[in-house]
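The data blocks that follow each hold one structure.
Look for chain A in each of the two complexes below; its partner is chain B in the first and chain C in the second.
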Partner chain A sequence: MPRYPAPPNAPAKVRVVTLRIDGQDIGAREDESVLDVAAEHDIRIPTLCYLDGLSTWGGCRMCMVEIAGSPKLLPACSTQVAEGMEITTNSDKLKNYRRMILELLFAERNHVCSVCVSNGHCDLQDLAVECGMDFVRVPYRNAPYEIDSSHDLFRVDHNRCVLCTRCVRVCDEIEGAHTWDIMGRGVECQVITDLNTPWGESDSCTGCGKCVQVCPTGALVKKGTAAGEMEKRDDFLPYLTQMRGNR
Partner chain B sequence: MSASTKITMATAWLDGCSGCHMSFLDLDERLITLAEKVDIVYSPIVDTKELPEGVDVGILEGAVSNEEDLEKAKLFRSRCKYLISLGDCAVTGNVPTMRNTFDLDEVYDRAFVENVQCQPQRPTEEVPPLLETVRPIHHVVPVDLVVQGCPPSADTIWYVLTELMAGRTPCPTEVTRFGA
Partner chain C sequence: MSLEELQKIAAAAKVKAESYEHHVHVCMAASCQSCGAADIKTQLTETVKENGAEADIWVKGVGCMGLCSAGPLVRVESPADESEYLYQKVGTEDVSELYASIDGNPVERMRCQTEIPFFARQQKIVLENSGRIDPEQIDDYIAEGGYTSLVRALTGMSPQEVLREVSDSGLRGRGGGGYPAGLKWATVARSPAPVKYVICNADEGDPGAFMDRAVLESDPHRILEGMALAAYAVGAEYGYIYIRAEYPLAVERLKKAIRQATRHGFLGRQICETPFSFEIEIRLGAGAFVCGEETALISSIEGQRGQPSPRPPYPADEGLWDCPTLINNVETLANVPAIVREGGEWFQSIGTEKSTGTKVFALAGRIAHTGLIEVPMGITLREIIEEIGGGIPEGRKFKAVQTGGPSGGCLPEENLDMPVEYDTLRAAGSIMGSGGMIVMDETSSMVDVARYFMDFCMTESCGKCVPCRAGTFQMHGLLTKIARGEATAADLQLLEELCDVVRDTSLCGLGQTAPNPVVSTLRYFRHEYEEKLKTDSTDLEIVAS
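Moving on to the complex of A and B:
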């Protein structure tokens, strides 16, 4: 039988692998992440920094899963599936870690939900409900953080930032402005605009507001919103990414 | 049911706005049902001056902000068999903690000097001294149940109380959350 060479530009062949998630037998493309495959099968894994349409960051550690044979927990968003993987998404150990991550996030900065513009529309709040985080066991840091209201339209309240980098990624990858970045290390980490100039004086910010829409908490908000009034929409993202041919 | 077989309950309000107690009063006609089974032995809404020993259920609203709050939290813990933190101030510290990022001196000056026109001075008697940091109740004494909400709705409070009266452990996260 004559063999034809593969046409130029043909997509690389992607194998299908079989694996188990929470005891369920699943077939998946080998280039997919554990998180995507789980979602396709309605298996919910909590996430915070992950957002469909943006690059994967893997920083928040909410989506950690157990994989048989691995001594370490692995983030589902940035772990590719492989043949024969046995994945557990919701063991007591994982639930305990997720709760602890949330407690540390609430203790690190100053979240006062009752007076927050995002009250009732906040991913962090929703995760606390989902993961049963009803009180914080560790001491609160009570460190002072700034609020920058210098922009005409928006405000950044560092008290509510969880350093998910969604703003940094959307501004760089979708808007192409790269106004946002992260400054400092460890507990001193903070999002900045341009070279740490006030947002209102930023030369690169186009005022598009994408960062505000993808920010999971009340850290980036529209001005003029009162407690509980800041509702966000991030559903434009997968559409934009798709229309650009995933570039 | 004779008075002696009733469940005894005590409530107090520490550093909070009294909203949780208002929400409790919002139980409306359910208060009558409650009064058939429960004796409120100490509370801002009854006249007793001292917290009795051996109370079945203690409910604390508000954060621990001054020395009196701290004493009261300890007293409630020692005299109540089952202690509930009611509302976000009790559970997280909530709005009262917003002074925690300031120096205590600044806080005193802001309240008693800067914003006062007549005889600006710090109080030296009657007003309990502020603690350096406002804390939730479970950071100073162990509590048995936390009920989030600012304030928790009357329905939430009713759910918690009826579950307890039925001998079950309520799961408040199913009906309320931070900021609810």
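Moving on to the complex of A and C:
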């Protein structure tokens, strides 16, 4: 099967476009995403599955923004900027939608903050505070999920997983092991190691712990942490990808 | 293969056909086969052999004749006296009687009237050979003018001319979205990339829809010719047919058709002694509905998990293995040979201004004639249901018609006089969809209907994006609660809010359209929801606050 050859390295000249985000006039490179440009100008757009240094997934739908002239809402993480765009990131409608998405996430699995090792250091919790989600109107699913403690150093608690696939992506793209993946469909989806073998028995896992550090919630944690003790560090990622890109 | 050689094959096939006094066509599509059509054909062939009439009577397996509810169907044609009798619900015990009637009077007890509107009101383009030719014989297809469009295009037209015919025809995607085919083709054709692909989307998954299956089973060469023409127009050399594994008969016939077409030189290297080469490979879907969505379909072909990815980039720019890829539905591609043969203007004259041509519908549900029909666009729903479909059986009253499967909506009586077009259907809260049409009578509960489709979307959600994965689950839960009579007005309000969130924030078409059955039933049959709500004092307070 012939493959289309990869395009030569980024073109020497990238056009600069002007656009407007929340009323602020901004100039940006044409090849940047709305999310990157907004972050550069200190305009906060909530995200959950997005992580600087990993490929864009576009699954959490928290970063949806309104673009004048487009009938649909678009995800800021996977929408490129264009000349003359007028973007709204925090209308009442968007705020409502974000709150509802968080409610759906909280009701989907068993996110019990008070006993969670990530309590106080959790992206999901922070988002709920930021978006003012103080009450879940939809009924909780209360589905039983297992905890896999078979690994020597780490533990996976599916009760806390939001299926952002950061672990899948970091393992595949950065570590190169592709230990993690997803199985099942719809609400039955679950992250798995290898072909759904216990993590401790995984042949491909190198034990590097990158998945634990990028996990936004208390789903992947270091063993031996008590409630509120699990702090994560994902700031190594952009440096790592940049260093590799320069090589 | 030149035009003369093609005509020679066609002439030989005609001579063969004319040498028989009687033609007996037995429907060998999946629906009739499930009621024993294969046995009937075997027995008929044996009876003919026993009586030494092989030279006079030609027993031929053909594709779908349309009236699936009356299967197995057998048609006896006698070209000499121009008689044609269609028999319905034929059993193996009827074979000897049927054989005896070929030379004598027709068997009245099994006869199916062909003057009824079901047959008379149809206009066939996609299904023109369906039920007439043997889908397993390439010569049969050639005899009906098959592959002439391809040979003519390759030897006498430039790719741009083929593209222009398709653009002029106004053909719109028949898979559901209704995107103009000419525009899609032009985008792929414009790209300077050295490698491009053509994909035929045969992952038909809407409940109650079987249009693509019938086309693939009845006239597989038509799809190959359509794909080859598309490949020529856009500059692709490689094609895939992505077909669901639940259609084993269609897969088998496609494989056979690809082998025959390659042997005849319609596929492969240097087709018709021109520099144009085109090969087709079949890929089987493993039963995920979402793989009908084009980006998920591409992931699946690539060997990845069948999950959609954000568009743009559109497949026409960056598709299969990052190459420009043209994805068209089975029915869209089946129209192409006819468009190239008769010209875009001819196609444009059929149907309405914005929705040209014909559309194949699979009629199902509470309707007298269940089956496959092809009608010009712009026909009213009333004509389809009451005339062609024969109305609602058992004297019941019509209540709603569901078009477009789980992405579509339910339309009530007052919309029946609306013309069937992409835009009018959308304005009324439904969609054209791929062509499923389910008729419901007064005994159907619209809450149950909405719940059924939500159950479908919930189990078929791939789980990638939150609103579709968790939202459809919650909506299904709320609909179940309403159906059981346990819900309150606050639940209904929450359901409506969820509809908005799931529609506006989901990643792909499956999620974005999943609320449609709920939204449309709420729009036209809101009282049915409200009748089921609990109204005790505490709930009223919540609503008031």
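Following the convention adopted for this analysis, the second predicted complex is superposed on the first by the 233 of 247 C-alpha atoms of A that agree within 3 Å, B and C clash if a C-alpha of one lies under 4 Å from a C-alpha of the other, contacts with A are read in each partner's own complex, and residues count from 1 in each chain.
Just so it is clear, a contact is a pair of C-beta atoms (placed from the backbone, for glycine too) under 8 Å apart; a residue touches a chain by one contact, two chains touch by 3 or more.
Everything quoted here is computed from the prediction, not taken from an experiment.
Asker: Just checking: does A:Cys113 make contact with chain B only, chain C only, both, or neither of them? Give me first, second, both or neither.
Answerer: first
Asker: In the overlaid three-chain picture, which partner chain does A:Pro139 touch, first (chain B) or second (chain C), both, or neither?
Answerer: Both: A:Pro139 reaches chain B and chain C.
Asker: So, A:Cys171: does it touch chain B (first), chain C (second), both, or neither?
Answerer: Touch partners of A:Cys171: none, neither chain B nor chain C.
Asker: Counting residues of chain A touched by each partner, does chain B or chain C come out ahead?
Answerer: Of chain B and chain C, more residues of chain A lie in contact with C.
Asker: Going by the contact rule set out at the top, does A:Gln125 touch chain B (first), chain C (second), both, or neither?
Answerer: Touch status of A:Gln125: first partner only.
Asker: Based on the superposed arrangement, let me know which partner A:Gly59 touches: chain B (first), chain C (second), both, or neither?
Answerer: Only chain C; A:Gly59 stays clear of chain B.
Asker: Between chain B (first) and chain C (second), which does A:Ala28 come into contact with in this model arrangement: first, second, both, or neither?
Answerer: neither
Asker: In the superposed view, which residues of chain A touch chain B and also chain C?
Answerer: Touching chain B in the first complex and chain C in the second, residues 137, 139 of chain A appear in both lists.
Asker: If we count contacts the way the header does, which residues on chain A are in touch with chain B in the complex?
Answerer: Residue positions touching the partner: 106, 110-116, 119-120, 125, 128-129, 132, 134-137, 139-140, 142-145, 228.
Asker: Show which residues of chain C lie in contact with chain A when the two form their complex.
Answerer: 193-195, 238, 288, 305, 309-310, 312, 321-323, 458-467, 469-474, 477, 494, 497-498, 500-501, 504-507
Asker: Show me the residue ranges of chain B that touch chain A in the complex, using the header's touch definition.
Answerer: Within the complex, chain B contacts chain A at residues 85, 88, 91-95, 97-98, 100-102, 133, 135-136, 138-139, 146, 148, 150, 172-173, 177-180.
Asker: Enumerate the contact residues on chain A facing chain C in the complex.
Answerer: It is residues 1-5, 56-61, 64, 72-73, 75, 78-80, 97, 100-101, 104-105, 107-108, 137-139, 141, 162-163, 181-182, 184-189 of chain A that touch chain C.
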